[in-house]
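Look at the two complexes coming up: subunit A is in both, with subunit B in one and subunit C in the other.
What follows is the complex of A and B.
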């Protein structure tokens, strides 16, 4: 089954291109793996999922590129063509001349509706090229105007056009400071709208990824391309073929559906965070060895204390003992314990069958109203991923995004209290009442996660 | 790619504009070695086949550069400056359909420029601008350049602003306004400036005020450094900042050094719209991020490197120095000290080989020494453009919406009041048809309320305001 990717705005397009790079490289590497048959199957499955076979040469990504200004799209297409392994299909992009100017309202109220048909047609064409559609992945940032504003509009339209298709939004949350001043407004508007129409929202925080680049990858001068590569690696490790509990003998045919059913069991909770272990500079990979128990022990603690990387995790944070009352759980949460609703563990690499995931079965990790057996799923693949001999990724629907979300809403609310910048939004038809509705929606989400 | 049109009004406006076109051409010539008419060039220039003899030629999309025409409209009510430009080496980038001149000047009288010439030339100006707009396939921004002190620049310039608003309400209007120094030889300059400011406050999307005195100070300091001859302290010959060398014009004229600085401001402001970068910053993002309230749209700018030192291999320390400098008093284009005032918002537009981690490090480093308004503690906007200015490895333009503009406005009001109390020179203005004393009192109260708005924000500077109490949700 295939996934159609929609890349929106500067951020979405750049990460999308990196993602297809990772997927293409990884599945090419798989072909040389032994046993051959397994590598071949992996390659074929990945290809079907993300690429169209073109009669003439390189496969083309099942992707639609959307931006309101041409510079990034031109660059993205050129970079893909230069890879020599894959490309974007001709005429699979939509761009205009003038960007949305960091204004969500401009993207959502002006650009989105104006170009609805053209953008819809592009997606439909990609969808029609799929034998079977597994779902739609949209990639965008929440800070700017095009990714967030047009992206939200496009997601709403996709929901109307494909009411029974899974829609996964990959969102990049901006750095706390420095990218866009009105980013918190744009984020609040985006998230509250997406919460109504998306099936799941997978979040990467620039700040966290930046720290990974600095501390784990040892990059001195971190560029956006470095940050995007890490995000692409993490996403790739989720989206590439794997065996699920239901498909022991072959690769899962329904990756989006399985992802949703393992993680999003309640429409009130659809914020997913990601962490991957190990991550390091590619130059040190050949000199490193990892064992499954070690990796999983770290990963479990990363989950418990809600850390995005293994460096500097707080080993003091513990899960409450089972059977204790809500008061004790609350107390542990105050000490940093991160209660999960559901987790998806994806293990890739050598001896994967020997990896013992028992640590994640502990009912103490989960909220009491869901049985632990249903709350944890594991996908496995015995092939190394993206040059890592062993690699484990955890997609988590837990309280771990509560803090950044609360921070974001708080900042936006403070600004809203003095009505700063509101005139820029009312100009395009987003009123103070609209803002209030969005704040209400997100306060509800915050409250729900808080009381897990 | 979008296009912008520069409307330059009056002597100062035209001289600054002229320096801008010179430097812009030079910058593109440096980047664009093949002489291809590319998207970057198209943002401010048309490529025209001049063999067609209908006066303005026809546009050629792409291909080799034939004849470049600036997307500009030149307005002056005397002929001297514009004629000089036309006869100079830059004459070729303008043609007769882009010019509007008269012979008699505005006599340093805002009312003459705004009312008399404003009405007489309205249609013609609209027609010229519209023609320039028709040559654009996506017009994004008007850059209006004029002085505040004289008659034509301030009077007609601010009139042009309102007609742009009437005729092109969707297109962003950015004004570069040169404020007179206290010892200005035009005695009525306080009147002209306050009357013009009323229009700027009401009708511009954002204003970049530049003070003559700061430019004089900067130029003097650069001269001093150039002559002191300390080792390692030599001005680089090819710097675009103070010399026009390498451009198409010949020997420098008296105001050239000062005008160059303003031209550089515009050059860096538009760089992200012209070239690519890992974090694009479009022109319409400037107002979106820096203007929290519609009237408070005066942005204090600072440029670095301003006092360029001779050193080709600039190590990281130098890069960080560039960020530090952007916040120092000496680098501001108005006489103001943003460090000791309150920031509403701040944009850093970086050019050259600078990474996001350099930006983050410097923001973290500088943040503790700056005061930001309570609801915008993280009020930073950044842009990364990969093409540096000619002769430099990197450069930085900082735009600050900061209450430090207030002293400039207060000083201007004082100078205005000195004349206005005695009704000095008032009759020259009231002679002009349609000018009433009410215009003066309105302009004055507009300025006062602007000052008051800044003061109110300033008062919150060292207060720790509690967070606004959040919406409560029934659980």
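What follows is the complex of A and C.
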């Protein structure tokens, strides 16, 4: 059972490479863990999930690299080869000479359709190497042209080609103060299209990750590589092997399916956010000790007040008491309470079986139509992840992305209202009606989450 | 219909027959039967009864008591068909006119009934959906409305919020099931792939299984079924393509019927289903509708005439009689006398009971600014200041006191009168002593 990763654009390729690095390192570390058998099983499961065994003995990532410029792909492949632990398979990439110029329409209407067959063949070859395809993970940013435009097109094609396969889109949202002037247009177009064809959309906000780098990792000059490392760590903690409720004794053979059936069963709610605790500079790891009750208490409050890191959590925000009506719940939401639809808690590390997750079973955390027992799932693995003795990750389908989404759509709408840069899109065949459709779609999403 | 077209018509009807038999309807007659039915030939009657029975018995769930009826028992069959036609809203004359008319109905009448059945409620589509049950897309087609004539409407739960929560929960669970199904499918694929690996490594690539086991026979059965369904869908598409022609031919059947002078009582029995108008807005259909319209306007006329008669009768009852008495029986002196009497009586009454309506005419209210005084509805005859709407409390009290005094006086007068009357009566009786009640 394996996951095929599709890395799209500069952002997707860089994060993908970091992700495989994390996974490779983590599963190698697991081999040295005690008890041996457990570490071996973890290693084998992780290997099968993300790597092919090449004839030469080197694992090669089950990944397809797509970009419209050669620069980043060349770098990515070189970095992977340099690690000495894993590599990308030869000829598993697709690139062109000319980028999409940060124009979603160019990627979606020109590059995507033009190279559909070549990209589809690459993915098919990876899929054929899997005994069982657990799902497809696409990674891209929403701000640029290639990642978002081509990525959206590729996701649509994947949905057509693999109608019954789980497709998880990992999206990186740009900084609010943005590097690309039309990033909000690109984001709106990407999100609204993906909402139709993807099963789940896992979002990382650059702003939040940047704050984690600055405040938790104490990095002075934050580069994209630092941001990508944090994202890769968070993703890895979700995707690495774990015991789920259905597989007590062995690692889950259906990670994507179980992730989705615990989080995104309702087609109106597909946005997932991630938070991980603890996160710190690797140099301070050996001097830190954590207890499960402390970690889970912090994580719960991070969920309630929709914080991405444990630093500076607002402890004043409380969940409404259960018997209260919708009006009171709205009132609490005004005060910053984050209502969840469903949560997935992933605990990794020492004494994981002793961790009490009762705090997440509180019905007050969830929307009224889904009972708390159905809304929370827990995965556990007793092996430490990525050198953290204990770590907890929460994948949440909740209102936490409502505010940034609303902000993004609002900014895009303001630009659209003054018809700014629209001609750049209409010249590639994205009409104003298409824009309006996308706005409508996202307004519906916003409304759905607002009334959770 | 022109000669050139009639060749086409045969094709159209043949495609319909093909579709009907593909839908599992037994003993579908040939195209020629339809043609003969158009001209009301006797020999087509039997075939059409059978066809109608077969179609209706597929579309309508008979009550269990009916289903045991022998299909060959002609009168029972005709009874079932005519009641089913009646149920689905077909109101031809021969259905209303009792049993003898049902037995006498010609093949053209039956053909028209068939047209009605086909055009109402998407009969063919529902049969198609039932036959090709594997086709999910057809599930969205409207169900047959024939059987649903007496069905009650869906009752929505009172609380919309509760309902919406339930709905969302349902959608969630459905999504979960969908994901589960996908997971199972992936597991199945994996098993198949592993099995293939095991088999190919154990038996070697040179020994393919010569006799495919039950799995492949199951596959071929499925394949066969799929082929049948595809064939059925193709036939249906053919029919859909030709359907407008069929309906215009059907219009010509109605024309033929209207033109046929022999059974005049039948001409006004034609009614067209509403759906057929959507299928083909043929010009001939206007004629049939006109026939129905004529009948309706005739009915309207009759109703109007009836209404006028009733109204005239009512008119005869009241006002003219009063007129008669006024003019004839009463002389002018009598009239003046009566009027005087009435006036007198009225005056008495007003004087005696004036207090009652007057006191009832006041309403407590906040004093309004003079500029906003409401328009007074009528002038009061009472001697008060005239501010009927906004009388001062003191004035009201004064007025009420006056009324009270007046009433007390009146009461006293009556009492005295009655006492005198009683005394008179008592004096007339002998040996009886009446003791008056205690004075209060």
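Heads up, the rule we're going with is that the second predicted complex is superposed on the first by the 451 of 452 C-alpha atoms of A that agree within 3 Å, B and C clash if a C-alpha of one lies under 4 Å from a C-alpha of the other, contacts with A are read in each partner's own complex, and residues count from 1 in each chain.
The definition used in the following text is that a contact is a pair of C-beta atoms (placed from the backbone, for glycine too) under 8 Å apart; a residue touches a chain by one contact, two chains touch by 3 or more.
Predicted, not measured: the structure shown is a model, and the values here were computed from it.
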When subunit B and subunit C are modelled together on subunit A, clash or fit = fit
Ask   = Which partner does A:164 contact after superposing on A: first (subunit B), second (subunit C), both, neither?
value = second
Task = Identify the partner contact of A:181: answer first if only subunit B is touched, second if only subunit C is, both if each is, neither if none is.
result = first
Inquiry  = Which chain, subunit B or subunit C, ends up touching more residues of subunit A in the combined arrangement?
reply    = B
Message = Quick check on the superposed pair: does A:52 touch subunit B, subunit C, both, or neither? Answer first, second, both or neither.
response = neither
Request  = Return first, second, both or neither, reflecting whether A:224 touches subunit B, subunit C, both chains, or no partner chain.
outcome  = first
Inquiry  = Contacts for A:132 in the overlay, against subunit B (first) and subunit C (second): which applies, first, second, both or neither?
reply    = second
Request  = Give one of first, second, both or neither to describe whether A:240 is in contact with subunit B, with subunit C, with both, or with none.
outcome  = neither
Message = With the superposition applied, I'd like the minimum CA-CA separation between subunit B and subunit C in Å.
response = 11
Ask   = Common interface residues of subunit A with subunit B and subunit C?
value = none
Subunit C residues within the subunit A interface of the complex = 161, 164-166, 168-169, 171-176, 178-180, 182-183, 185-187, 189-190, 193-194
Task = Would you pull the subunit A residues touching subunit C in the complex into a rising list?
result = 1, 131-134, 164-166, 199, 253-254, 257-258, 260-261, 264-268, 326, 368-370, 374
Query = Considering the complex alone, what residue numbers of subunit B touch subunit A?
reply = 1-2, 39, 137-138, 140, 276, 278-280, 282, 284-285, 287-294, 344-345, 355-360, 363, 367, 374-382, 467-468, 470-473, 475
Message = Could you list, by residue number, the parts of subunit A that touch subunit B in their complex?
response = 10, 69-72, 75, 97-99, 101-103, 145, 175-182, 210, 214, 219-225, 227, 409-411, 413-418, 420-421, 423-424, 436, 439-440, 443-444, 446-447, 451
